[in-house]
């Protein structure tokens, strides 16, 4: 069983000014990320603008990432799509290019018809077909659909479904899922902003946008927590909430990419229809980051 | 300027039992649809399970539809995708395969960042690049995003943006858009369920799921309205609301496809994760349709 | 059976500068309203800031309104509250003070538990106890709860439930309710913004905020519609959508009261926590009203 | 400064079969509650069906509760209403009858107009007028309004606003509020279901429906946490999530009252429009409680 313990930043996909894939930028970012205390990476996820990429680009991205990621770090590739067959096709491509696991966001467009049985059937089909372990992925802010606990409990016994990334922010839900699933089902916090709370109720890791440029602090939080120094963990957590909001709900991926640029990584432009930050937003972002003393 | 006056059913995409494209089923449906009083068709839209198709399939579908649709009927092809460059690429493919116009649903995944300026920029980029006229498309029940009136008013003066399909159901919004846009900007009702009301406030046509198997009734409504027989139009409208709900919000595309089967068309299976109707749902659908006396 | 045909503006409750009831202001407004082509009034409804009044004030308001309203015009009094017994007590007080009917908004605070059977039971209890005819009232923008069609169909056969005010804006829903209920169940449009469409599908009247200062135009719309001059009705409708939005969704009750002041009525302050319009909002409101040429 | 550290169950309001106040039931419940490890009580809050009581009943309830609550336990009385003047009047009545503090839910009916400045003004007015300390109260599931962090940060420096009860469930929001407010601003978890996580990020207490009949377990959780036995606290927390859901989001106040009956307290009926549990629901509730081994 693959361990999901640790920090798995959802890396943004670098683009050139013309919005084409910039695999050189990706490569140079990994040189630095690989020195950070990370257990692996989520590639082609929400923060990777996956829905704005063609399927070919998503697979190309995974291949390039694999070339840059050492074997002892996990490459978790986003294989979610609106139809089961698309997701299965993506899973195959990602397996071929060296991903270690796939992470599969809930389909959502036909949300009013995606009830318990439709969602269970979807994930069972993907998990049966996939040669890679499957991580469920719930992110209501983007999908408008909140994966029901009942679906998770039913899926968690499938041998190829190893865990879930929960971005919805309800700690009670994470608690219920941790406690209602087998001991080896692994829950990941979908954000650095509630990571400590998630650890306390049994999460084993985190997929933090903030981890793209502040891995050390998140790692320190986790280490402090594991060594029993809750007070120190709490203090670190408190410093992360503000900058986390800045690069997620407040300024989105354009904010995350600008933060990467400020931190010396390659951030670069977002792909349209996402827009660059306005000057005012940029100033607010800089302020939020510098107040948190992250660099 | 292309006229959008009339009835443009959003045709479902036929699949074989293995969920692969069934272009024979498509062909045979068109033989019959082409005898119905329709002004054209929407191909690869929401009811066509567009998000569940690969981009190649969407273009293949348009090509097959064009072969089956006479020149004097419009083929409006769904070219919406989450990124501007994907939408532009789809638009090119659909132009190449003979579409007459494209219909472009709002991007929505990154909804919290898709504000007025992002949506305006998105549609202007697509409309500038597209060699085909563009129809805007708002369908909040699927996207979770309600295209603001202010965006529509700003876009309506672009020479290549000829109209909008509004599925949100607010007649006041349609009224505001009809009155705030140039006289040649054409608004389509996104449903048969409020078509008469939409006509009254200035819509010129409709994209009705119900039109896939009840075109005569919808045409009769429109003709009665145009000839001043409001009372007759109202009576027809009243008979359409129930069956319309059955093949849209209540039972979704699986309901629409089953209705097609019942009406002697090829409906066939939906593509997973959508699910076939349960026996109980099937019985309720049959009841709703037979009560309305549509066949 | 009381006829709900016609125009019933939901009158704002006048306050003095200290936010106490200003019954003189009310009186003077009625002197003028009574010359307008209105069938009656809704008193102590949403636009009357009913939830901000004590129950005693609500009843006092009804008594004062009755004194000012001629017998041949209906006084429909808002008797909705969160508990059945409160609503019944209010209904009694309003009966005593001379109301002709009560209008009863859906309870909503415990919305997650207010399912079909709870809502049916609530309204049946109120209707059984009330000595006055009952009008149901659905206004999701304020309550967060959309009264289901199924509840309305079940209630419509109760002899003391004579109709419904629908403010949700879905014409298809109004159509379904008109067609699924007995012929004497009367549906009122909850807004001037979709009044013509509501008439077309069978509504008999309207409860328009705009009717507090633009009754003539709304009456003209209705007369034109009834005499078969749909084109003229449509033109009037088009002029009403903008100013209607200004005094409802855009600027709320503070906007409506300022419009009354501008039109020579007594508008006065709103009761806190509602706030007066900012200068910028006031300017935009004046612009919206003067563009529509309503005074 | 009043300390809000500890457990403050939001007690249900007991009714007789005819739905009138049952103050004897209240009295007998307090005899037992006063032996439980509680720091005080919330009276006339959401779980007390406050919105279904008349203002006189709310004050009568506070008086009766005060008579039954020893001086060394806090009586926190729900004084929220839709208008500022109502809330102030309630605050006066509750002060007169012996409450120690008031808890004030956000107004919400005119939600679209209750922006930052309206909410700040509302609470400042109430806090200025109140002779009792004020606790803010955010409960989006009932109000449909999520009190913005920015409002809380602005209000927290008012000397008479001592804390906030947060029922929304976002730990990141609680963290942000704890860290952005003065050290003496006290945050209460609005539910037992995320109490441990709330403690970890700096909450000082909890207002748990579950505390009405399972105070010992919640107290044990808090004691274990404070003594550094996080593992034991986590285990208790895990056992509380299921029963907590049963008496809150799943079965609501009727569920809570039935649980009280099962635990030997007086639960009794809910006030209409709330409905008693169905037999099926009752069986599910009993199962959820007995599995958790709470009695």
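A few comments on the model shown:
A, B, C and D label the chains in the order they appear, each numbered from 1.
Quick note on the criterion: a residue touches a chain if its C-beta (ideal position, glycine included) is under 8 Å from a C-beta of that chain, and two chains touch if they have at least 3 such contacts.
If you're wondering where the values come from, they're calculated on a predicted model, not measured in any experiment.
Taking subunit B out of the picture, touching still joins the other chains into one piece. Counting the residue numbers that touch the partner chain, subunit B and subunit C have more than half of them in common.
Rounded to whole angstrom, the centroid-to-centroid distance between subunit A and subunit D, based on C-alpha atoms, equals 35 Å. A separation of 49 Å divides the Cα centre of subunit B from that of subunit D. Within subunit A, no positions touching two or more other chains are listed.
Those residues of subunit B lying in contact with subunit A across their complex are 19, 46, 49, 51-55, 82-86, 89, 107, 109-114, 117-119, 121-122, 125, 141-144, 249, 252-254, 271-275. On the subunit C side of its complex with subunit B, the touching residues are 169-172, 175-176, 178-179, 191, 193-194, 196-197, 200-202, 228, 230, 234, 237-238, 241-242, 244-245.
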